[in-house]
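Have a look at the structure below before the remarks.
Chain naming follows the written order as A, B, C and D, and within any one chain the residues start at number 1.
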Amino acid sequence: MEVSGSQDITQELAREIFRVVETGVKEEGERLIELQIGPTHPGSGHMRILAWVDGDVIVRCDPDIGFVHRTIEKLSENRAYIKTIPLVERPSLLDTTPMTIGYVNALEKLMGIDVPPRAKYLRTILAEITRIASHLYGIGILAIFLGHSTGFMWAFGDREVMIELATMLTGARITYAYVIPGGVRRDMPQNFPDAVEKGLKYIEKRLRDWEKIFLNNPVVERRLRDVGILKPNIARILGVTGPNVRASGIDYDVRMVEPYEAYDEIDFMIPVAEEGDGYARGLIRFKEIEQSINIIRQAIRKIPSGEIISPQISRLFNPLMKKIYAEQRRVKLPSLMATLKPPKGEAMARVEAGRGEALFHIVSDGSTNPYRFRFITPSFRNVILFKYLIPGHRIADLPAIYGSLDYFPPEADR
Amino acid sequence: MSQVVAKDPDLNNLLSIFNEELKDLATKIYIDKTERVIYIEVTREKIMDLAKKLLHLGFDHVKSLSAVDYPQEKKIELMVHIGSYLRVVRKYTVVIKSALERDNPRVSSLTSIWPSAEFHERETWEMFGVYFEGHPDLRRLLLPEELEGRWPMRKDFRIITRKAGEAETPWK
Amino acid sequence: MERGVVFIGEIDVFIKRLIRSLMEKKPVKDILEWAISYSLWPVHLMTSCCGVELAGAYSPRYDLERYGSLPFVSPRQTNLIIIEGTLTLKMAKVARITWEQMADPKFVIAMGACAIDGGLFWNSYNIVRANEVIPVDVYIPGCPPRPEALARAILMLQEKIRSVGVSREDLEILRRYVKNQVR
Amino acid sequence: MVVSLGPLEIPGRLVYDFLHIFILPGFGAVLVLVILIIWAERKIAGLVQLRYGPLHVSRRFGGVLQLVADLIRYTFQEFIIPQGADKIAYLTGPVLALIFAIIPVAFIPVSPLIEPPIYVSSNILVVLAILSTAPIFIIITGYASDNKFAFIGSLREAFLMISYEIPFIISILSMALLFRSLDMSDVVNSQAKYLSGIILNPLAALVAYIAIIRITGRFPFEISEAESELVMGPYTEYSGLMYGVAMGIAYIKLYVYSMLYSMVFLGGWLPILSNNLVESYFIGSFIILIKASILMLIAVFLRSVYPRYRVDQAIRLGWSQVLILSIISLIWSLVLSYFLR
């Protein structure tokens, strides 16, 4: 197996990345205006973008993030292992399930718990439902940044269908905390499969309307084609993740590269585009929704029956919990879990969230609190694109590129 | 340097390449139980040319660069997750660990080799105080002005806590 | 004395006095309260992750525009701030500046457990309670609160406007109290 | 065939002028129509986007009073003048823009019997001249309020004004050339004889409508007040009553432009199907109002269909395609007028 060495950072590539847009204007004056597109500006989410603008061309752009930095890593060092699950969900409130799956996978690797197959399928189904909801949110934000209010409203209207399905499965709208070490908290209700079928048919019908009003809209194409072109080798060097890197021709998806949960038993395709511009990123999100629908259908068909919590945990149930688990198929966590003491050591887990690859690294010293919990979200790795992709474009392209990157500031600030 | 053997043939090939390429650079190479992560320990001085070698081997971007604070051993351990998009090696993640002394942690910046590490280094600088020489613009990223030089992620920066399992008395 | 004082004296002082005197008279007071309660436009200030539920509340399924509340762009033309979720130190400064920029009869809804008392991140070093920065009118519990809770908050604010009225003496007192609170 | 009232000339004139300016096509109609159009815009956008739109203000009438509530709120909102703003320009900018947007109504003839309050033989030119001054005041408001986004917004308004006023003026003049007169009543009368303007020269009608959509800042050309880039464009710093005035300007301009459009292209007071002249003043102006409101509803419906263009795309579209189309329509009306002796 010969490892193909990638070429070093050639001078040309470095100049390509750190290129400074030459408009002959250096110092701040009449021509070079510094625009503070701050948190109250409709064109920026919870962050401030400092853009140095010469006429209509952005010369330099510097993202000032940290407005929603809620110190997840520091708080997790002072909480029990179980209590970090709701913490991990809060930054990316849009697709919370992949985050909890990643954290719980790392914890299970640390403690050596294996999850029964039915729980794996339930986790996969919920992960795909939240992925569709997260992509619809991203498309809605892209639409309102272009000025297309119908796209925004339709995206959030269709998203409610997916939230309804998740509420039927887990009981909560967005923050489920459905995944616990060893399995899941509840079993699938009886009428869930045909409700899912009805919801997915509705979404498929809506995707046809989306093509008419959004994808084939001449103004949307004029605004997104050839805007913010991310070349494949630059995407590789800058470490971009998620649909942004798949739109530039690199077919990297953690569900294929390192299959977790039930992804290895389900066959699905990773949509990849070549152009790497804003339109390709939007298109990839629509195609990924279709793939997620296909995954959910297969998972619902192939789901095995059986336990939803691993025997290592259900062994510690007291009689009342056993009765509840037997009758209502609902897991009540034993109080022992609150003072869980995993063995000393390190564990790492990678997961494909809606916006890209999330990474969880737990260093434990045998006590009830993790010694160090490293939590990297996909948006934090996409922030670098603001600095290197936007210069050279026009002011009106800033929201278009920002929307097409599907960047969610609370997820980046953690 | 101990010769680690793994069940997975690809991993064995990669480990053999690592061993003969990074003979003198890495002090210790080992893998975790799930055979997907390769840990490499390296001293502070050799981290740059280890990074060049890894880049040459196909690991082309930094997934996460951070530090772990060990106050009792008087060291801050730099922890860098390196990933790759190349079809052959993208299954594996390399974690570089290198110990820096705690009172004045300095290391050369990896941005010239992996530009994707720029924002990670700024965050590690403001959270742990690890100074990265040669970083394009090393300044605060997430924290407000009030927390400028106080390195909040170090262990000696206390926050209010309740021990796990302690009764939650809301009105206390 | 900056150049160009307008011929009818300081215009803003004149208009403020005019508005204040008009607001007290009976017929104008009712019409004004009815108008303001049915036109509460929240400013585009997404403080943190509850913004997802605010966007959900203005989406077709819950549609708060039925009550006349249209999310609008700049602090100048709006009269409502919805503090969604956690206020970090950086965002508290921005929220404070936005609140000061807004035109006078203005109201604040603190949405989510994090805005009320820190919520899940109560012991983080980077968190500020909403009422330490801005005088708050309506609190909504929940993390994140359901869109129906936000609709109910808008209705409660409407009742409050119709009952308590719009002249904000309490604002003056709170402004002095809150000014020295912000670190 | 203008009817002269003999001895009752002076009082009749006064009554008619008052009616013309304050009631029907003047302020009364403008106020009612602007409120209805903004309400219709929010309602249509709501229905297209699977939701209700403003409703609970007055449940039975479907929320029509929403705009009344908004306007009252604006009037009683605090009126902020930024320190850096140039006070006089800041205050007079929107007011002058409003005045120059409403003046043309006095020039537009509404019925064949009586001349408009200010009768000018070439009133098409006068209306065009007055309307093309309005953007200048928007630029003044942009530069007066000391705000970077306002600068950029007014800069965009200047670029786009030039690139779309010229095709509009060319297409309107090509119709005047076709009917061989610059007086609207003659244009309408000759439309009664032949077919209506839109059928004779559809290209000019298309170009004029695109230019109307751009000049009044409707989607997809809402570029100088683009929310997601420049907060509110030239009106970012305006609050309270001044913002109500600023928001009303765009809709009043839309009203006046669609009145001009319906006079020139849709045969003003002629009933849509039959061509026989309408005697009374009320029915004539009522028909014009209906045609104008239909045009406004179409322009307002575009909000829920299109996103917005970038500035350079809109300018390129203006100079390259729309200008050439208007020149072709000019040539076409030259050829046509040769045959329509």
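Basically, a residue touches a chain if its C-beta (ideal position, glycine included) is under 8 Å from a C-beta of that chain, and two chains touch if they have at least 3 such contacts.
This is a predicted model, so every value here is computed, not measured.
*Asks:* In terms of C-beta pairs in contact, which of C-D and A-D ranks higher?
*Replies:* More contacting C-beta pairs are found at C-D.
*Asks:* Whose C-alpha centre lies nearest the centre of all protein C-alpha atoms?
*Replies:* Of the chains present, the most centrally placed is A.
*Asks:* Quick one: report the Å distance separating subunit B from subunit D, using the average Cα coordinate of each chain.
*Replies:* 64
*Asks:* So, what's the distance in Å between the C-alpha centres of subunit D and subunit C?
*Replies:* 35
*Asks:* Per the centroid of Cα atoms for each chain, what is the distance between subunit A and subunit D, given in Å?
*Replies:* Centre separation, subunit A to subunit D: 47 Å.
*Asks:* Just the number, please: Cα centre separation of subunit A and subunit B in whole Å.
*Replies:* Roughly 23 Å separates the two chain centres.
*Asks:* Identify all positions of subunit C at which a residue touches two or more other chains, and write them in rising order.
*Replies:* Those would be 59-60, 73-74, 88, 90, 123-126.
*Asks:* At which residue positions does subunit D touch at least two other chains?
*Replies:* Answer for subunit D, listing residues that touch two or more other chains: 49-51, 227, 231.
*Asks:* Give the residues of subunit B touching no fewer than two other chains, as numbers and ranges.
*Replies:* Where subunit B meets two or more other chains at a single residue, that happens at 143-144, 152, 157, 159, 161.
*Asks:* Using the definition of touching given at the top, classify the network of chains in this structure as line, ring, star, complete or other.
*Replies:* other
*Asks:* Considering only the defined contacts, which subunit A positions touch subunit B in the complex?
*Replies:* 1, 3-6, 8-9, 14, 17-18, 65-66, 69, 71, 73-75, 78-80, 83, 109, 112, 236-239, 245, 250, 252, 257-258, 338-339, 346-348, 350, 357, 359, 361, 363, 368-369, 371-372, 374, 376, 380-381, 383-384, 387-388, 413
*Asks:* What does subunit C use to touch subunit B in their complex?
*Replies:* Residues of subunit C touching subunit B: 88-90, 93, 123-126, 183.
*Asks:* In their shared complex, at which residues does subunit D touch subunit A?
*Replies:* Checking each residue of subunit D against subunit A gives 45, 48-51, 148-149, 151-152, 219-220, 222-223, 226-231, 303-313.
*Asks:* Name, in rising order, each residue of subunit B that touches subunit C in their complex.
*Replies:* 143-144, 146-147, 152, 157, 159-161
*Asks:* Tell me, which parts of subunit D touch subunit C in their complex?
*Replies:* Subunit D residues touching subunit C: 42, 46, 49-57, 63, 65-66, 68-70, 72-73, 76-81, 83, 86-88, 91, 227, 231-232, 236-240, 243.
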